[in-house]
Amino acid sequence: MPDVTVASSTIASGVLLGGMLGLTALGLSIILGVMRLVNLAHGEFLLVGAYCGLFLVQLSGVDPLIGLPVVAIIVAGLAIPLYRLLLQPLANRGAEAQMMTMFAVSIILQNAFVLFFSADTRSIPERFAATPLTVGPVTVPLMYLIGFAISVAAILAVHWLVSRTGFGRDLRASAADPAAATTLGVDVRRVQMLTFALGAACAGVGGVLIGAGFQFGPSSGASYLLNSLAIVVLGGLGNVLGTLVGGVVLGALQSLGGLTLGDGYRDVVGMALFLAVLAFRPGGVLGGARG
Amino acid sequence: MASNRINRTIAGLAGAIALLTLGSGGAFAADEIVIGASVPLSGPLAGFGSFVQWGYKRAVDEVNKAGGLTVDGQKKMVKLIIRDDKTDPSVTASNTEALISRDKVVAMLGSCTPALVNAGALVAERAKKPLVTGCDPLEAFKSVRKWKYVWDLFFDEPELGAAQFKALDELGIAAKTNKKLALWHDNGPDGQVVGGKIWPALAKQFGYEVVQNAEFPVDNTQFTSIIAEAKNKGAEIVMVDAITPQAVAIRKQMAAGGFTPKVLNIEKGAEPVQFAEALGKLSDGVLVGGYWDPTFPYPGAADLAKAFEDETKLSSSQHIADSYAAAQVLLDGIAAAGSTDPNKINAALAKTDKTYVVGPIKFDENHTAKLPIVALQWQGGKTVIVWPKDAKTGDFLFPLP
Amino acid sequence: MSLSGAPLLEASGLVKRYGGLVAIDHVDLTLASGTITGVIGPNGAGKSTLIGLIGGALAASQGSIRLEGRDVSRLAASERARAGIGRTYQIPRPFLDMSVEENLEVAQYSIAPFQSAASARREREALLERTGLADAAHLSAHALPLLRRKRLEVARALALKPKVVLLDEVGAGLVDSEITELIALIKSILDSKTAIVIVEHVIRVVRECCARSLVLNFGRMLVEGPTADILANDEVAAVYLGTHGAREKTPSRIPVSEEDLRATSEGTDAQRHLAPLIAPQETRSPAPALECRGVEAGYGQARVLKGVDLVVKEGEAVAILGANGAGKTTFARVITGALVPTAGSVHIGGRDVAGLPAHRIAGLGVTHCMEGRRIIPTLSVEENLRVAARGVDGSTARERLDAAYALFPVLAERRNSPGTSMSGGQQQMLAIARALMARPRLVIFDEISLGLAPVVMDKLYETLALLRQAGMTLVIIEQDVDRALALADQAYVLEHGAFSLSGKAADIAADPRLRHIYIGAEE
Amino acid sequence: MTRSRNFAGYAEVAIILIAFALLWFAPLVVGDYWQQLGFRTLIYLTLAEGWNLMAGSAGLVSLGTSCFVGLGAYVAFGLLNGMGFPLPLTLGASAAAGAALAVLVSPALFRLRGLYFTVGTLALAELLRLIMVNVSAFGGASGIFLQNDPPALPVLFHYALGVALVASLAITACTRTRASVIFRAVRDDEDAAAQMGVRPFRVKLAAFAIASALAGMAGAVQGVKLGAIEPYGMFGLQWSIDTLTMVIIGGVGLRLGPLVGAVFLIALGEILADYPAAHIAIAGVILIVLIRFAPRGAVGFFGSMEQARRGRAAA
């Protein structure tokens, strides 16, 4: 077992990173909760955000973190036609049809990325990404802390939106009992469309954070999708704050796995945990209460 | 009911066959010499693939401009077919199969990196079709089997590994460090050879203390604990063997982890330009072993790089050279054989003895030809040769900024 | 009681709880082979739950079930089926893309995988013969009309060679001639080794098939005995028609929370507050609030509504009555746009709403207080209310909320607790208040008395009376005939998807045919 | 119905046997290219048949095919290199290994319904891949080489043919015998089926195990052909994706779906070989269009068109 500096630093950055990924997972979670759709293109949505962030910097030179709202809007804007043209017509055709459609979208997007952006490894220039932050024995990338903060802020914002606003009421009603909601006058389709856009925006913003903190390429999407799924399952389906906790828990456990078994086993730990929770605690470690 | 099922079955089979015949596109004209290559144009190694593709194409174009090759007494144009293997060995294999069986190639050029090259090479070997490749370090290449039809011109891991140690030694850099060495490498074939075997041995020989030797899978993205440990162990020299995405991740996470060794060497991943593009200033000072540079005193070296940069508006990479040379070796072999018969071509390849853009090429009994090694260092988004002294184009940047 | 000695099936102290709600409350049941037992009772009395418990689809919270002395309470449905308990579903669930014959094979080959094809076929042919499906053997189950699907349900159950057959609402939705056939079929099933349980609303089936019957009410056994006596029993009639006879007897049995009793505030006081919840007269058009012409509708195969005409004038209270499965709720769903009619037209305030999505119809001032309340569990009481107040500014919403709270003070107390955490009665109050939050001109109250204690029902109906006085247009869909008729101006009785009886509420109440439609007792 | 089902069953077996018997002689008449294509098609046919049994007959949509392919290949290499097993025996072992893994994970996976099952299989595949990448005992990321040279192409083709034959017959056994009604019952209405005495868990497990055994065999043959296997290729998600895409394109739950889908996708790949990126994207577009307009896949689509035509003819 490595010494305290290594352990604490690794776990700290794992926790921060987990929280950072929590935002992306949240996008997946609300789409799953409201539309009963496992959005297999979520990883690609994340990449769309990352590429947007990259080009935004290259064209305008503004700090990617400043550009976040723009990216969010762009990605959400892309999601809406996707919903209208591809998902809405399948509304009454069971979950599989929509899931497969999004799966097809994901492979199309992957190829589009290669075609238009080349297969190069990219990374969003961000000064914080190369700045360490040292507190006592713990050293973490400053970017992780910033990403974590942004992610937490965004998650809290979504939590407020879902639990305090009229749209949030409609959203929860549509998720729990679409038929009843419709009878009460809720336009469930519109709610679903906006939810889908919101989920995509979360992925997009998450993409910028990840693109700045790490590197990405056209085929990076899949691993982030699986990560997000794991977080969603850990946090409990549709539980907004749960995704944050889920992210942190996953991050911490993965770092522990990395420390004890070697960095290669991070994802192994993640997946094993994912399967275990999925099979034996489907409500999530916190129980499935909706946020 | 039943009979109608049967009808549909038959209809289905008919349709199937119709589709299959659609699928056959085995166009192959007798007045051309068809050669082929499967290279990674997408996936993690696409960075290499694009250079390799350019090198192959250039060599073939030059031959065709010169009027083609003479086989069986008549001039024929050379047709090069390139397939994308998506950085997936099983795709390389099936691509190579298709090249042989569908496109009827007489000989082939290799992919890039051992995993891919070997997968294709095994197919060629079995089909008894000559295949010339670069981009496959010789130890990894030799470790697969005794080759009869596959030829590899590239650097030799022990030499590459030694290069950095020699450089640090001769340039008197080593003396300025605590000689504490951290070794990080992926668990791919060449990663294990270089990082797992060669480096530790050399470290002992050159009197370094290996404070850490970490292995990680090729798709790992998190290196925080590895980095934290090296930092904690006070390593001042770090040698990494990883592919480009990981090379970028490692450099970034080192900076973000507040770990700045005096010397950082990242083999294979730091070669392509996208490494510097993705990292910007962070790439400065990173060492990478190289086997070619436009300044090499070999025929056409400077022109090759210039041609590439004019054409693609990208800064050149050494991968254009070994691929270009490999293609030339093959084309010369075909010309020498004066035939498209695989065995004759193969025999001719065995006799290869000529100086190409990468230096003199002569295959040994293991079908390998060594390329000389230099130590390159990223400086301001370009690589400069810092070792050996006679070839150097710039001064060693020390310590790592 | 039994003809042939030891009981075949013995259920004792069965209890089924859903959260707070007790669906089946200490029911004992003993079946002897060679008997047919009827189980009757109003909607929500727990009849289908009882079938589920015996068949194994539901796990009992308490109590035991013994088949020929063997305890089967813990067995899964599949194992009980193998042990010899066959059931049918209230709404037939055949395997639609299989032929009728294959539907039977499922049962045959699951219990005897290696039975010879020949003998299996012989058995099937015999079964189809008995159930009158011989000619349909090769048809896809899709193609069968409702009656034949019900026959298929029975045939499938019999293919298990069951000792106990549970028939759940086999009569529902059939016309008299069909019911005659059905009764013949049921009688033909019975032999000395089997016991049959019939859960029925169509009293005629029970009367003609069952020697003995038991009556469930609020999940409890009300009476048990020879069918004839039971049907003659006024208490039973009361349970069905909800006359006072029942209300005096039942309260003692039903737990009624204090809150429920003081839930609704006093009339005059409430009426003052009601204004924000009721669309003002002047906004209303001269056209009838609701006008349906020749409405036909159904679900896939089953045609539920077969040409319904209805005109509801502004400020009128209309009761729509009818036995279970007559199509009442389907009619409500057509009006509120949840179900698109296959024929006919629906006008609201003179506007044709054909093909308008449900959420738009709510916007037109027609709301639906849904059967089973449909409280959104993930929303608090207040949020459940707010969801229904659409497109209004904060102050208006606030105003309506206050009005709703004035109407049901208990809701104000629970405003922040989850909607489904309250008692059944309180949830029903929430549902009613929610239907008012859109400030509707017309509200459809769908089975609001379902499974509630009479005292609570009274309170709810007092509220409805208030609304009516305040000039709101009401459509009341009810099991509880008395209460509905007491409140309504006009009454319509649905039977097999069409109005068989209509007129002034008072006249209908007096009409002897009403009792007949419900429990068909001879006059 | 039963009679005709039996008859159709015999007819189908006859057709399959004849078809495969004819194909057996393919290597004598067609060149390497066609044998290569044939080999790939047969391997995918095997995978698709199994996937179709799960999805079409038991309602299990899996994204875990790859882990059974990989497992099969690694088991085969282990036995061939380690114990010098004969190849046919090895195939049997790979099949057994596939089925065994299926049985092992089913208690956990079958707690998941619908989408969650799909996600679960995906996670399982990823988990296995990661383990194989990391555990150096199995060759880590570098994988394993086959010690002695793989058999010649025609031989490999015949092995693929054999495996595909086993698959086709197995599926016929599941769709043309009395077992078929049980499978379909569980798919259509699990609860109603249970009330008929069917044990849903066992039925699903049977489908899962059969599909996994087939995948195991397919993986073994594929691995032997490559002569060198490593986790990224053999455990790659691509296997699952291709298989699923093929069946959906061909038609889920339809007897000819897998064949048509496999042939179609491989033909498409060949036609677009020169535009590798486009090829997958186009498959994606086709997928979307089919899901939207022909939920029952190409076969179902043409089937219904055929019926419509008949209908018109009748009218």
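Observations
Labels for the chains are A, B, C and D, by order of writing; each one numbers its residues from 1.
Operating definition for what follows: contacts are C-beta pairs under 8 Å (C-beta built on N, C-alpha and C of every residue); 3 or more make two chains touch, one makes a residue touch a chain.
Everything numeric in this text was worked out from a predicted model, so none of it was measured.
Chains touching both chain A and chain C: D. With centres computed as the average of Cα coordinates, no chain lies farther from chain A than C. The greater number of contacting C-beta pairs, out of the two interfaces C-D and B-D, is seen for B-D. Centre-to-centre separation of chain C and chain D, using mean CA positions: 46 Å. Computed centre separation for the pair chain A/chain B is 35 angstrom, with centres defined by C-alpha atoms.
Separating the CA-averaged centres of chain A and chain D is a span of 32 Å.
Contact of a single residue of chain C with at least two other chains is seen at no position. For chain D, the set of residues touching two or more other chains reads 130, 133-134, 277.
For chain A, the set of residues touching two or more other chains reads 114, 262, 264, 267. Contact between chains, as defined at the top, is found for A-B, A-C, A-D, B-D, C-D. Only residues 61, 107-109, 111-112, 114-116, 118-120, 122-124, 126-127, 130-131, 133-134, 237, 241, 244, 248, 277-278, 280-281, 283-285, 287-288, 291-292, 295 of chain D touch chain A when the two sit together in their complex. Across the complex, chain D meets chain C through its residues 1-2, 6, 178-179, 181-182, 184-185, 188-189, 191-200.
Looking at the complex, you find that chain D touches chain B at residues 4-5, 7-8, 11-12, 15, 19, 31-37, 40-41, 130, 133-134, 136, 140-142, 145, 149-150, 222, 226-228, 230, 232-234, 236, 238, 255-256, 259-260, 263-264, 266-271, 273, 276-277, 299, 303, 306. The touching residues of chain A, when paired with chain B in their complex, are 2-3, 5-6, 9-10, 13-14, 17, 114, 118-123, 125, 129-132, 134, 139-144, 213-215, 217-219, 223, 254-255, 258-259, 262-264, 266-267.
On chain C, the positions that touch chain D within their shared complex are 55-57, 76-78, 81-82, 86-87, 89, 93-99, 101-102, 105-107, 109-111, 113, 117, 120-121, 137-138, 156, 159-160.
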